[in-house]
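Presented sequentially are two complexes of chain A, the first with chain B as partner and the second with chain C.
The block that comes next holds the complex of A and B.
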């Protein structure tokens, strides 16, 4: 479906929790694998679901740099949390995928990872933006990624607007949230309060509208719509983190030798966690596999990271042998050269790299430090 | 196939035999290994011995006695390609814990007549004694990684054995980081991949079985262990396991 035709529905629909469950059932009936947030290993992950009862009902995630814990909310909210370590790229751009099979006789079979109708439930604004970044990277330009384009073809997106941003969220400063932007089929705002629990839904595509009609959703009342709006307005006031994007690219280009990189390399583990949880990091490596018989060879692609030495291995060695050079490569790509390459920031403000860094390195802090240091140096 | 099958010899030094057992554990592949290679010397599997020289020597275990130190030189001369397998052979193994203490006192407690024991002061990896062509890490090794090394040998290509962190394997299999989500200390960020990140998938911190990853930062991870509530002593002890003597793990005490 790529970029959905933009028909931001003016109509607002009302869904109660029962109807939300019917939405999932209806998608399954239409042949979609429905994927949504579930609790596993003490975190909220994305996996296949059959009903709303499998959602992390009544849970919230407390996040900090290198810190994540689930807590009871004291209500029955379906989406009372933000984002966990998984992102939708897991399904659109699988961690490992077979690209080719070659036989000794010379038969070559190309693979595209397999087609599948997928419905993503609970896609946040930042995540929708991340999918649109991946669309640009993997579908834009002359070289279309066959695996991504196959997976992306039949995706139905149910977005959720964030009424409570997390501690590490900074989408507001980037402009990717807390409202889910274009690209969804249906967007939801959850309203939970004293004795009330419902969703205000909008359709972003004709498929979305058809589905809302099919489950018999009625139009929302003015009161219901305003309850949802109040929550979204409040959400804007709850952000604790921000990334100053003004002149950011130029700032980074001017400060490639910033002492901040030396300090961060003291902490950085070069473990690659930040890149692997990032919803836009798309780097992969390709491995050729042979068996003992030598009759068949396979080519596999798997997620790689600019924090791995082999990633920059060329004839003679790795060109980024230090942790400093790897962190700088990542930061300047994500917040700088990405713009030159794809016309957008590589960061969507989801905060995953902050939460899931085992030593809690904070991208917003590091960028701010580089800015501060430049000012200090120039005024010194 | 007219070509002579490459001859393999499997040797053992100070070790538990677990890595050799991993070879025998390749049950589904053993027949095709036998077709492609001649198992010429493998005492754990058979008393039948084909005399060397050999194309490939697989060496398990660390060097702990003067006799070992001489024998490994003979083995090196007898093998065209020498591959060490497992944490003992690549890093000195769990028995290298004595490297911090010396063996005299331990011997006094363990043996009735310690004067008959001839041992070296330190347990050391094979590469401290002879040139090693490839080191396959792990405690024990991953049998599929060994198979990959053998398939690569046959195809005349470099084996695909990544040297990145265990974290990459957690992420590939979708395990949520247990250090972040549960505060469990984990050596994954400083340890080389290879096991498939088994322990974190079962809620246990990584034990560092595959030894230090490239460009590791043990110092920073040590600081984090202390921040999340471990004492300095306990944090050092997390590094004191099968790869305790490996450069990168060995220095944590001094660094911290």
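The block that comes next holds the complex of A and C.
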């Protein structure tokens, strides 16, 4: 981490839109599949791109609890939106992947999902934090996940600092954004305004630095750097949501029987949307698939969710049969037990679970309610 | 933290890969429960701690966690006691002698046998919960001089549900071990105790500050047993229980076995009661 942070403190580069496009081209030349935000079916998703023109240029996303809509911005910003229903988890920890092939004769082949050089374009602070969370979960040992380990190896990260947080963003209160923290190869701050459009870029790794040099990016001027800083300072004032993390774990542990869970269980549909869009949720199940001849069996892993009824099934019934207990498991895991398990919160403040909840349940609101209710009960 | 791309290692290819073990013996314990004896393909001793489990795999059906229930012939062989309740356990229980089963493990933390040296030990098993306790019993008996008084309390639903009948006879015959067995419901031949396993505590007197307790069985049974042990004055950190939750990976990756802050597969399955007292017995945790 040391080397990276030192480097992040040094040079600022200037990229105009043309050079930004060259950055993408250069990554492709280096053999990377370049993956970035694109518009599909009315939402911004992540998919392979060939040039910057495929990005959601001039669009912004309006988000609210259970609400998401794209709108024209009236400018040509490349990154004038925040995060959509996809996260990079999809590429690092695929929704469905083959772990093993076993033949009846006894040959066992382990799979790792295949090596692939991937460059992620437009990784936000919250998302970078989510990748670092998954690193802890899936690479931290004692056992390492073969698929994540293989996918993660060759990832090149181009991060984007958020100059305009979304309505459901609360990274600032968690400390994961709106600036992208360490872990990127290159970070960008986009400056769009009266007749100006450029990026201030910084390298976070020697690979990142080499690439900036390779496309001939010049050093940014003091004026250019300060335009970018002004936008980031402003960004800090635009947040509408926050999560009070002070003593949060202990609060949740003290209030496992909080009446808030009873109320939220009446709204929660246990649809598992929140866990599917969450960039850190890692739970999976495994299915055994045999071919028709019965000579070969495959073991496929797919994303699972603690909201599914059979997630906690043991012979005789599910441990968490009520929706209340499943919501409680999810919330206490994200905001409490995750800290005991991995030393960090399981929530990075991206707000996806709020946006994609069909009934608009808001994790920051529920946590705040649990806090309020405790005070009410203890002073009543 | 995150190394430069070129420096990051690739690992974990062995994480989900099972090895084949040949079934060399099978004992029918009860109408639906079998002890399966297996031999590793290579030679050598199978190393494990009593209380640990393996993921056992039946070709074409699936993989489930099963406790190691014994390691006869100095660990040349390994035993698992399987109750056939669903597709995978049925396939395991019906594996023929000479066939192969997949095995990954051993996983998890076992009973703290070393810690209990020089102390009295009370083992309390309910039903198939005796399976992960059996290697602990065997080890204590093997190194009997290292432990003080030794009690085994075992309860099952009916006499025909009792596991390891030959072991029970041997243990009963030992002067240095007190075995007490009870059933919920007797039959015409049953001459022993009747009642739930906690009723056996009437017949023994523990020295609370000099005793370790290892408990495994259905959660409700463990709950009442822990209560009984606490009534006898045992401190929480001398009471150990073995927990059960759905498990898919056994290695802390799939998330299924979470129990409060713990992953039962890697932080357990054996826990000191002091670690879990605030969540154990709480509904739907």
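One rule holds in what follows: the second predicted complex is superposed on the first by the 373 of 380 C-alpha atoms of A that agree within 3 Å, B and C clash if a C-alpha of one lies under 4 Å from a C-alpha of the other, contacts with A are read in each partner's own complex, and residues count from 1 in each chain.
Keep this in mind: contacts are C-beta pairs under 8 Å (C-beta built on N, C-alpha and C of every residue); 3 or more make two chains touch, one makes a residue touch a chain.
In this text the structure is predicted, and so the values were computed from the model without any measurement.
Within the superposed three-chain model, A:308 lies in touch with chain B and out of touch with chain C [touch as defined at top]. Looking at the shared chain after the overlay, A:269 reaches chain B, while chain C stays out of its contact range.
After superposition on the shared chain, chain A has more residues touched by C, the comparison being chain B against chain C.
Legend: residue contacts after superposition of the two complexes on their common chain; A:321 is shown touching both chain B and chain C. Legend: residue contacts after superposition of the two complexes on their common chain; A:196 is shown touching neither chain B nor chain C. When the two structures are aligned on the shared chain, A:135 is found in touch with chain C, with no touch to chain B. In the superposition on chain A, A:288 contacts both chain B and chain C. Residues 288, 290, 294, 321-322 of chain A touch chain B in one complex and chain C in the other. Contacts from chain A toward chain C in the complex involve residues 1, 4, 99-100, 102, 104, 106, 108, 110, 112, 115, 131-132, 135, 137-139, 142-150, 152-156, 182-183, 185, 205-207, 253, 256, 282-286, 288, 290, 294, 297, 299, 304, 306, 311-315, 319-322, 324-325, 328-329, 332-333, 336-337, 340-341. Those residues of chain C lying in contact with chain A across their complex are 1-2, 4-6, 8-18, 20, 59-63, 85-86, 100, 102, 244-246, 248-249, 251-256, 258, 260-261, 263, 266, 278-279, 282-285. For chain A in complex with chain B, the residues that touch the partner chain are 40-43, 45, 66-69, 84-86, 90, 95-96, 266-273, 276-277, 287-294, 302-303, 305, 308-310, 321-323, 326, 355-356, 358-359. On the chain B side of its complex with chain A, the touching residues are 29, 32-33, 35-36, 147-148, 150-152, 154-155, 157, 160, 162-165, 167-168, 171-182, 186, 188-190, 203, 213-217, 219-221, 223-224.
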